[in-house]
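Okay, so chain A shows up in both of these, paired with chain B first and chain C after.
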Partner chain A sequence: MASASAVDVGRLPLRQRSLARSLRGDLKGGEYTWALAFLVPYVAVFVAFVAYPVVYGLWMGSEASLYRELFADPIYQSSAVNTVLYLALGVNVKMFLALLLSGFFMRPGWWMKALLLIFVLPWAVPQISTFISIHWMLNGEWGFLNNVLWKLFHIEGPHWLNERWMALGAVIVSHIWKWTPFWTLILLAGRMAIPLEIRDTARVDGATGVRGFVYITFPLLANLYLICTLLSTIFLLGDFNAVTFVSGGGPANTTHVLATLGIRDAFEIAHPRLGVAAVMSALPLVIPLVIVLMRRLRTAEVQL
Partner chain B sequence: MSTLAAETRVMSARAIARPLRAVRTRRALETIGTVVLSAALIVWTLVPIYNMVMISLEPEGDVFTDHIWPRVWSPDSFWGVLTQGHWYLERFWHQFANSCYMGAMVTVLTLAIGSLTSFSIGRMRIRHGWLVSNAALLTYVIPASFLAIPFYRIMQNYGMANNLWSVIAALVAFATPYAFFVLQEYGRSIPIEVDESARIDGASPGQVYFRIYLPLMAPALVAVGTYAMLLAWNEYLYQFLLLSSKSSMTVPVALAQFLSSDQSPWNYMMATAIIYAAPPVAIYYAFRRRMTAGLTVGGVKG
Partner chain C sequence: MLRGSLAVAAAYPFTVPHVAKAAATTASVWFSQGFVQDEDVSLRKAVADYEKASGNKIELSITPFAPERQKIIAALTSGVVPDVMSNNPAEILQIYAWQDRWVDVSDVVETQKSQFSETALVAARGYNNVTKKVGVYGVPVRAAVVPCHIWRPLVEKAGFKIEDIPKTWDAYFDFFKKVQDNLRKQGERKVYGLGFQVTANGVDPYNLFMAFLLAHGGKDIVTRDGKLHLDDPKVKEAAIKAAGYLGGAYRDGYVPPSAINWNDADDNNAFHAKLMVMDVDGTLSTEVAVKEKHPDWYFKDMVSHGIGYPTDNAGKTVPSIVGITQWMIPKGAKNVTVAKEFLKYFSQPKVVGEFVELGLGRWLPVMPSLAKSPFWQDPKDPHLKGYVQQGLLGPTVPDYYVFNLAMAEVRSQHVWSMAMIDVAKDGAKPEAAIDKAFKRIEEIFAKYKVA
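Now for the complex of A and B:
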């Protein structure tokens, strides 16, 4: 069939021809082969390295008894609480800061450009380097933070990473430190895309400062802000590095989140199915998020 | 007459002076605000980085002291890393080469696969292309770490453990969707008539792809390539799970091994961390403008 020329295709019975057409669309035989061949690499990668692991994972975590075991585990319970806190604080504080800072960076002048260059540094430096540095910085005895507190104010700083809530706080702050620059850049670009005329007209009509933000800028940025928040929620849910390197899940496994707990269960206590179950227990949150995001991202030519 | 005119001039000057003063005070307040906020941002941003630099420049014994400024500046730790002087670092260059190889392969493959896909769907408009874009969208919104355990199992079954290519495969699978979206979005700015006229002149789709599509897409390809490279350089989990032998290990895995030992040689760790951070920071600042453009498109419009 593939070798049939265009003339032959024209002579096929009606039903077959429409089938061929519905498959090929407007492309002619040879072109269709090219287009198909160009798709093969991605489809192969997707099937082998995304779809197959997804199905395999669903199969691994499909026993109900796993979830009974999981929910009875006190480490899982505290991890679930940590995950919710990490999401609620990490995403919202970061996005709100990014929203405010993107407005700050809209100010004119060489100084703002130079400051922005410094400000994006946390994002440009690899995660592992900076999180290890933060880990040691928070050391109770010889860490930089406590040294500064002692030298400048003669305060004995606490052992930051030896207590659950402080350690979790440190993880959240590290996340905010690392990722605020990235979202600031995105929101900054969103603000830049607001046509100058709109801003100028609004200013003439008296919408400056806070009023300009509430009535003009934010409504125009709202859609972008929502998409960024949702995306950042998903990214943060899958975040492994901040917890692993800043708190290491400690003290006594009290600061794990679902992503790190899954890996711990699978590799430290060698129970891979339980690890998959830990991750899968986030699905009731992930699936609605994914559906909303897929809709938004597919249709959104961000409306500005 | 003239005094009257002078008087009115003074009056009007006074009338203007009041709002002018208000404007001036507001300007001054704004300047102060900017200075304070800038200072706070600089401190906030640089503290962990300063900590990294400071410790890397301290001699080994000085790490466990309460200095907030190095007592003596010594580049010994850097020298130790570069000459593989510490027993933890005996294979540093090998690991660094592994990281580079992995980064380069992820970049090249992401660019190749992403551009082929976006050419087929965006330019040739293959039927049912939306199926593939939805698959890509789905991949983009699944957290990679959630697939790590089954992925590890599968690679074990294939006998791909301790093989750099297992990590490369995972990273390409997760980087390509983003590449595809950015290229797709950028491609919209190039009129489809360019392709059509080349086709009428007798070019095959392959020729259109190589001679017309790729050159015109160069700016977007730079953005996507930088993104893929940084993604590979930032990644830790898959490398940690899949690469455990000394010969297949990359720098992040080796760095994390430092952390798990009892007496971590912090000065060497920080020196390694800085050397490892140098390439992505240089690349980021070199391609900064294009990166930002690409990010807005891909990160936001999807």
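Now for the complex of A and C:
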């Protein structure tokens, strides 16, 4: 064994001391023990409800054979296409509408506040019951929509949920209807945070109407808009309520998305690992989204 | 505060004997919620009677059908299981028997072996792919078959009487097409003749297709030795006829268009809304659900047909496929002793008979001797006698996943549904739809090699 020099012997305690200092900060004696005691419940909750489920999920979906079985399933292929369409249309149409509507609700007047109150109702009411209502409204034989068409115009309405693209369209529209108010409120708050002086100065310089939106408002909202879009995409990837309760994944399993396919495989086919694999197959999309989101949240640029 | 927490932690060992003592006489039991409240009341009564008789405690958890299915699979996946659970979904007994996840309950079944129907006893078994043996893992509780449900007023409005309905299979169902045609002539825009579940959701479409398969001579699709017989011409012909009739009725406009996206309860709701003249649906839930609120419907307007009505096209009785609800004890259960005691108590004819009767007879008993009770033979009741005849006294077979687990996947993957939908919606020829279905069934069976 090599003998340590006097310098080495001196360095070791110094390193230990600096590590202890960085852990303890300026806490002394009993304070440090108390700090640890307060920390333990949070760490325990994090490990039990965040770390463990994630690691358990990764473990359940870790076998390569699961993915071979999954990719061979024709329902998986259509579900992957549906997921991409659901995200691309659902998120972007919703966010664009929210951006426009947030400008509309910036108008002054009591009636605008009253209208805003009515506008947020779809978001405020419980989503499962509203999606079930939509499912019934769209029923081809006795649904509200086709009955109205018949009573008013003597038109036989289509069977909205019997064709893949119409049923998927119904799901996407339901999602947009449900969540546009929420993102409108977020963007409205963003618009209201733009200092009046900036808008007044721009107006003096001739940047009004569309020019004001293009050169002043949107650049200032761009970061918020992007973050909202990323968050909405991540939320929507894991959402199964709209599909489950509006189309039920039908007709003939043609409107499933990955989240509902995972539930189907886990509990209807009674193959939980395959269900986890279905959801896990979205990770190549989720991870880059989360990375971009984190980078945008850390941005140093002066934006809202 | 910290000292207080440490004191609580230090005191923990002293609390253990009390918990252990409680566990020795306590068993947790999971069961699915009934379609009518009386079913839950009857279960609670049976459990309370057991607690009184034994001094043991049962922690009963009643959960709605669909969530219970998820709860059971989650429990078996995580390993945190109750002491007793029921087979929801029905094929779960065979699925997890394959993985050696159940406690053998042959000693419990043995106590009433002479009482149980043969079909119930066969359905209690499952192939264990670890031991490579068939074991008894279920204790039969109740049973169900698929009767036909008919609205008398709609038949009469179309100018017919219930007695006019032919007895043989194809003529029987063709009759309701004529009823629809006549109703349409009278301006009924939205009434359909047949409530076929031509959908890829739930268990109804599989049950419907299998009833048609058996009626057309395809009963040997899987034999009791677990072997698949898709090469049998009779089986293929029966499957083609079933897909052709069911898909064709939808294609020709005799089935509500929304049926293509129905879930299990949707056909019940559509029938109650008089969207169709008749429905083919498992259990008497259609009738008992309205018994209290609309007794006139139950006693007068609704007609249920079971055994011998219809017969096959040659006039022979078609055996009914019986789904059996079973109790199981999962491996990892904390109190197998109390669980088995409870199941022995519950399996007594008096107890299990009262359980199904108090549940209004939606479910059938699993012991032929119980079919003779005044409840099932009540001449004033228009449904029960025929129902018990169909599902208990007449010729029955267990569902085919009992013989080979692969059929459970055929059911959950909705292979038959896709064949019906191919004909109904995409205009495929029944032969082509069945060729595609058979190819998929062969792929599924290849995964389940029985020693």
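Here, the second predicted complex is superposed on the first by the 281 of 304 C-alpha atoms of A that agree within 3 Å, B and C clash if a C-alpha of one lies under 4 Å from a C-alpha of the other, contacts with A are read in each partner's own complex, and residues count from 1 in each chain.
As a convention for this text, a contact is a pair of C-beta atoms (placed from the backbone, for glycine too) under 8 Å apart; a residue touches a chain by one contact, two chains touch by 3 or more.
What you are looking at is a predicted structure, and each value in this text was computed from that prediction instead of being measured.
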### Task
Overlay done on chain A, so just call it for chain B and chain C: clash or fit.
clash
### Query
So, A:F267: does it touch chain B (first), chain C (second), both, or neither?
both
### Query
Which partner, chain B or chain C, touches the larger number of chain A residues?
B
### Query
For A:I234, is the partner it touches chain B (first), chain C (second), both, or none of the two (neither)?
first
### Message
Taking the superposition on A as described, I'd like to know which of chain B and chain C A:L121 touches: first, second, both or neither.
### Response
first
### Message
Which partner chains sit in contact with A:F49 here, chain B, chain C, both or neither? Use first/second/both/neither.
### Response
first
### Query
So, does A:W142 touch the first partner chain B, the second partner chain C, both, or neither?
both
### Message
Output check: A:K151 vs chain B and chain C. Expected answer is one of first, second, both, neither. What do you get?
### Response
first
### Task
Check the residue A:W34 against both partner chains and state whether it touches chain B (first), chain C (second), both, or neither.
both
### Query
A:L161 contacts which: chain B (first), chain C (second), both, neither?
second
### Query
Which partner does A:V214 contact after superposing on A: first (chain B), second (chain C), both, neither?
neither
### Task
Report which listed segment of chain C has C-alpha atoms clashing with chain B; options: 43-51, 61-69, 151-159 or 403-411.
61-69
### Task
Show which residues of chain A both chain B and chain C reach, each in its own complex.
34, 141-142, 248, 266-267, 272
### Query
Can you list the chain A residues touching chain C in their complex?
33-34, 37, 139-142, 159, 161-162, 167, 247-253, 266-270, 272
### Residues of chain B defined as touching chain A within the complex
34, 37-38, 41-42, 44-52, 54-55, 63-68, 112-114, 116-117, 119-121, 124-129, 132-154, 169-170, 172-173, 176, 180, 204-206, 209, 233-234, 236-237, 241, 252, 255-256, 259, 266, 269-270, 273-274, 276-277, 280-281, 284-285, 288, 292-293, 295-296, 299-302
### Query
Of all residues in chain A, which touch chain B in the complex?
22-27, 31-32, 34-36, 38-39, 41-43, 45-46, 48-54, 56-57, 60, 101, 104, 107, 111, 115, 117-122, 124-130, 132-137, 141-142, 144, 147-148, 150-151, 177, 181-182, 185-186, 189-190, 224, 227-228, 231, 234-235, 237-241, 244-245, 248, 259, 262-263, 266-267, 272, 275-276, 279, 282, 286, 289-290, 293-294, 296-298, 300-302
### Task
Flag every residue of chain C that touches chain A in the complex, lowest number first.
1-2, 5, 69-70, 73-74, 77, 89, 91-92, 95, 190, 199-201, 256-258, 260-261, 263, 270, 273, 275, 408-409, 412-414, 417-418, 421, 425
